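Two complexes come next, and they have one chain in common, chain A, joined by chain B in the first and chain C in the second.
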Partner chain A sequence: MKLDDISLEGKCLRLSEVVEDVALPKTADAQYPGSHCAFRTVAGILPLIKNSYGLLLGPAICLYNAKLTVNIRSLTSDPRPNNLLFLTYSQDDIIFGFHKKVREAILEVDRKYHPEVLFLVTTCLQEIIGEDFDASVEEIQRMVKARLLVIHTDNFTCEDAAPGIENVFLSLSELMEPQETVEGSINLLGFWTSKAKTTELARLLGSEGIKIKNAIPSYCSPEDLSRAPGVSLNIALDHFALKLAKKMKEMFGTEYIYCERPYHPDSIELWYQKIADASGIDLDLKVADLKRETEELISQAKGSFSGKSCALFGQPGRTLDMAFLLSELGIELKAIMLHRLLSDDYRDAQKLLAEGIDPLVFRGDNALQTEKLLSTLRPDICIGCRDYGVLARQGIEPCMLIPSHFKLGFEATNEILNLMRQEPAGFWALRYKEQLLNNGAV
Partner chain B sequence: MKKIAIYGKGGIGKSTTTANVSAALANLGYKVMQIGCDPKADSTSMLMGGRPLPTILETLRNKNNSEVALNDVVFRGFGGVLCAECGGPTPGMGCAGRGIIASFEKLASLNAYEIYRPDVVFYDVLGDVVCGGFAMPLRKGYADEIYIVTSGEKMSLFAARNIARAVDQFKGWGYAQLKGIILNARGVAEESELVKRAASEIGTDVVAEIPRDPRIQVCEEKNMTVIEGEPDSSLAETYRRLAQKIVD
Partner chain C sequence: MDLKLKSYPAPSDYFGVLWGLSGVEDLLVLEHGSTGTCSYNVVNYMIMNKQSPKGKLFSCGMDEDDVVMGRDDKLKRAVEELDQTFHPKIIALVATAVTSVIGLDLGGIIEEIQARTDAKLLSFASGGFAGDYTLGIKEVFRKLAMEVAEEPKERKPFSVNVIGPAIDSFNNVSDLAELRRLLSLLGADINTVFTCHTSVGEIESMASASLNLVTRDAGLGAAQILEDRFGIPYVYGLPFGVKGTVEWLKEVGERLDLYLGRGTLASELERYGFSILELTTPLQRCDHLRAVISCPYDYALGLTKFMQKEWGINPSLVVLPNIPDDPKFREEFNRLGLFDVLIEPDTTTLEEAMARIDPHIIFGNSYDLHIAKNVPIRVHAAFPAFDYIYRFDGTPFVGFRGHAYLTQTFVNLLNQNPEVFRN
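== the complex of A and B ==
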């Protein structure tokens, strides 16, 4: 495959060329305000904390983008409640400072909505002006019942949303209080959907007398959070949550392990082993049974997928382990959309490379470039891409994995195999539209 | 119309000098406008009999922007000098530089210069040009000429050099040009020579030497310029000579 004739040259690397824990090369300076804008991303996370409101402060366009993100999500199979409030800044606020307006807004929100927690999310604007937002909020804190938590999102200082997301996780530690440790209880950190307690992991742990006390953020309440330190173990499922795990260790001495979401059965087996070891239980037999079932499903699925090609978009946890699963199904991996390689990814990358699998990796800072790459590579399937319009235009089959995010362990992989056979709802309409256009409709 | 920006180290005597020169020019029959570009808003106080002016930014904030008229923000002081103060936030809050920009934009949108047609406009800018906003008077269409006020004190000369360097950096942007240095003496040994040497290093001249003189405080106490309070003094004469030089 040749990339020389398109504007992507030098922006796509082979996996074998990528170094550990370094952001992939930036593909555009003007970036699509998606996952790169912490303000927008944080707006999407705050609804996951019960009894909270988020007050988003910034210029109208930033607020609009945040609102749009939340609205778009409300149309997916993982909608979140809307707990966001917006405060626009005018030129006067920039000149004279935000303090007075912010104070009035906080007092009003406290009076009208009675949130237990009120997140105050900044945009680049305050950060550039450099007003001491934290100190001014500290002063207001004395006047309100709501617990005020400031989330800084100074996007111009970084290339992705990670610092903003980490700030949300770290702010949650401020709600926590020292607790007596309840033996045989754990927290899942970095579980981004509801239903953590019905996952396969929860069932397996439960069968050995270990309870999941909290899943964070996962619609936990401030009260849940205040008691969260009273567990014998924190399991951090992603690197954002790892920050919180480390903070809780520092503040309360809570032990933690870091086990990113796996996808390949061998990896899931090791993942369970690590969790079992840290919890002092033995899950080997149960895990072996589940693994056998999943392997069975994989070998059945090979018939439908073998020989197809795909592009894979970043997934929760170990994206490259998912790539390994796909290659196991006989799918040729043409490209993986990733922002950076973390240490686990690096190990997974070595595994792929050892099998002679060396796909392109691409950061895709700009939606047009991503479409260009897809139209150049022409994969049969696109996994995890949410821009169905592009896929319909390019004649690529979409695969939507959101329901698998509600699951953990082999069941997640089983769900993925299931979802790969389904077309996302409504996609036929987009395809029909493309057909009409191709047939000369205006 | 001559548009002149006055820069210099904080507290060195920019406002005192500017107000006296404005007053002197007014007495010579010129139509003068003085715009204080400092959140402290104290530039024109000696011309206004000590009356604090409603600042442009406060007025914009309290009134509907479109309702703000020129006579809400520009006031006649001693000798008919048109006085305006940009104003700005409380120290440590907001963005004073943005405030200067917004005030200038407002004056321009109200056609202040076209309507008043002053012969000379002075921008009295606060001590240090810390960000783009405080360089606003230097921009094209605002000031054409810059004077730096300095004493022979080390830090004051340091600030003067620093401002001169900034002005030099804007060469080619069509910004205002440095016209000279005004020595406002503090009584440093061999002050005149020191400042002259610094001026020639910067590539400019000392256009006036104003002595340190207690009459300034006496007049200040009465909320007056020396031109108003001690018109026959030699100090008043010095300000008048400087004023004449600036308009020539």
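== the complex of A and C ==
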């Protein structure tokens, strides 16, 4: 395999050429690895719901990988509870039907593990065969104590995992019940860690008497979820959670605001303003102090980064706002890897373009094409790319921002600035080896 | 009903096909399925020494129209792209579960496009419904032996093929290094390893070897095909322990008309042949220790003999992940005095057996070792090994060095858990 053989012609667009909410052009007919599927992401979310189990129904192709994912995650600083159960589809099940097996499995799970909620997750296979799970689940529901929720994750009907994630969020609304509104309480929708209550946002809101009741879906119990509509405000932090916010408004009248995670200090200030306005509080002075600190850090960091170039991979929230932050640091943005431009992205794109910043945008779900692009552009820094070997070979500095994903507001940006100065442990040695190999050591 | 909370859903033949093909250079794998399936596979390669299939495994990115209309144009375009971009010698078209359900005929597609494709096209059509992963490995081995191996121009007298190791084989890096070293002691060399670090060219010329060494039962079918097609005999089995290694070298040597020099053997024994008695004290007796071995057949049989001969421990239970190809496998264990053999037990059965035996030692995969978390001496010895890397080539289980490594590791673990000498 030679990178030189891969053509990028027609696969790169300028940001100014990208149309809102349309997937970027595919970079190859033969893709590796291609986009994540919804099943994979859903299997990763369900362990976050306390007192629940997920019964994953599908062929071994999907189930074996789902199990390994949980196991690998268990070895990290952010392990997920082991609550996934697996029922494998055989050829006979396709011919004779899967309902009886599923029914037996549900009864057994209910009897053996006593979950409050049992998620039944389907794969492409059931959707193609056309088994009507929802109808049979209604019937089984009467026989078990666990609340049964079906999550559909057909991957062949969409280009990414978004519909499956939205289905999980929407299913959670089925656990919710009308509540008296408790003033001064909010839910964060779409915050994927257990650390919501220690974030800067929580501290600022807390200082004004506002309490974060739940971070959904992160480590909420079914009881937490049933009471979740009783807040005065839902803050939807990502577009996956927006449908749940709308549903809760429709079902329970819970007010919501949609404000994706920002990165640039000006954007964070506006973000806090929007939250403060919706919560009926004034955060201006506190936010101004925090903003000053971050701007000071940016000013200090400019010396290290000004004049460098970078490629940016998609980040949680407003990736293009992070691009704006990088340009503020004096970094030339050579390329951004995105799947599609959403509405907030579009506004941020206009802001970048107004500043004369018009980087290449590239669909980053094909590793070979991405490697070819990096090799062609040779940026100094690559933010969000995990392929350390490729970066070391090409002399590109890696920057992985995962720890910042657990933070919100100015503290997230401060963490990013901190992480950008740190080379991942072991990268020096990898680069040294690759340089030796490049020079013909072997 | 085993819903696999503590264990894992058995990987299907689809995985075996991917793993069997993954070590063959100049061969690309193209899945017919949605990209999610291909993308998800990054996970299962990660647990096999973090080996990335980048540049090897591709998806044609099937969508709803393809499913509803049974269209195959994306697959054909992807074949053309791979063929013209990377010029591989072989493109393997691999079905996913969806392919099987919609009934797409990969063989028919190959008939249609082979003439305009430079690469040879092979199809693997079961889509993961034929059985466990060993069936996929066997299918790959058989197809490559039948359709890719060619009549040799010459026969190399002291050259052997090793048939069996693939990316999924536990400890393959070290075991292969030791097999290569042992063969070099005899004066033989490895023609190709089927299918670890091989190439289409090496497989095409694999019939130039004089002997096939089959290291796992999944390779027996391919070895038989190569014997039938080219008259190459084969030897089946792995060299475990000093005695097992001496016997293996003798058998391989006789087939190749090569003999291990006395000086060479003496030197090996001096360096690697230390007995457990030499590493322990009289108050560190091992013969009362209860052991469970949960490994694929070839490792399980080899380790059972090894523990009996070298350490004086009679394993109480063997757990196999699938039914071995050898129809006399139970007799093999019975002959060693081992009558408790479980095949692909569910978690409850395994937990009950563990509670009954209360072992001091377990050799097994990551899931076995988690289930047996109270067993003091736990040794990774099987796949899947999601929490264990075996990339360094100095930790063999087979051969003289394997004997030395296992014995040293075992004694160190005994010393870390001295309570096992007391109960």
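Points to keep in mind about this one:
Keep this in mind: the second predicted complex is superposed on the first by the 390 of 442 C-alpha atoms of A that agree within 3 Å, B and C clash if a C-alpha of one lies under 4 Å from a C-alpha of the other, contacts with A are read in each partner's own complex, and residues count from 1 in each chain.
Basically, a residue touches a chain if its C-beta (ideal position, glycine included) is under 8 Å from a C-beta of that chain, and two chains touch if they have at least 3 such contacts.
These numbers were taken from a predicted model, which means no experiment stands behind them.
Once the two complexes are laid over each other on the shared chain, residue contacts for A:S173 go to neither chain B nor chain C.
By the touch criterion defined above, A:S185 reaches neither chain B nor chain C. Contact with neither chain B nor chain C is seen for A:T376 once the two complexes are overlaid on the shared chain.
Of the two partner chains, chain B is the only one touched by A:E131; chain C is not.
In the superposition on chain A, A:I94 makes contact with both chain B and chain C.
After overlaying the two complexes on the shared chain, residue contacts for A:N414 are found with neither chain B nor chain C.
When the shared chain is aligned, chain C comes close enough to touch A:I61, but chain B does not. When chain A is checked against chain B and against chain C, the one touching more of its residues turns out to be C. The residues of chain A shared by its contacts with chain B and with chain C are 91, 94, 129.
Chain C meets chain A in the complex at residues 1, 3-6, 8-12, 14-15, 28, 30, 34-44, 46-47, 53-64, 66-67, 74, 77-82, 85-86, 96-98, 100-102, 127-129, 366, 384, 386-387. Chain B meets chain A in the complex at residues 57, 60-61, 88-90, 92-96, 98-99, 102.
Contact residues on chain A toward chain C in their complex (touch as defined above): 1-2, 5-6, 26, 28-40, 55, 58-69, 71-72, 75, 82, 84-91, 94, 104-105, 108-109, 113, 124-125, 128-129, 155-157, 159, 161, 365, 367-368, 387.
If you check the complex, the residues on chain A that touch chain B are 91-99, 129, 131-132.
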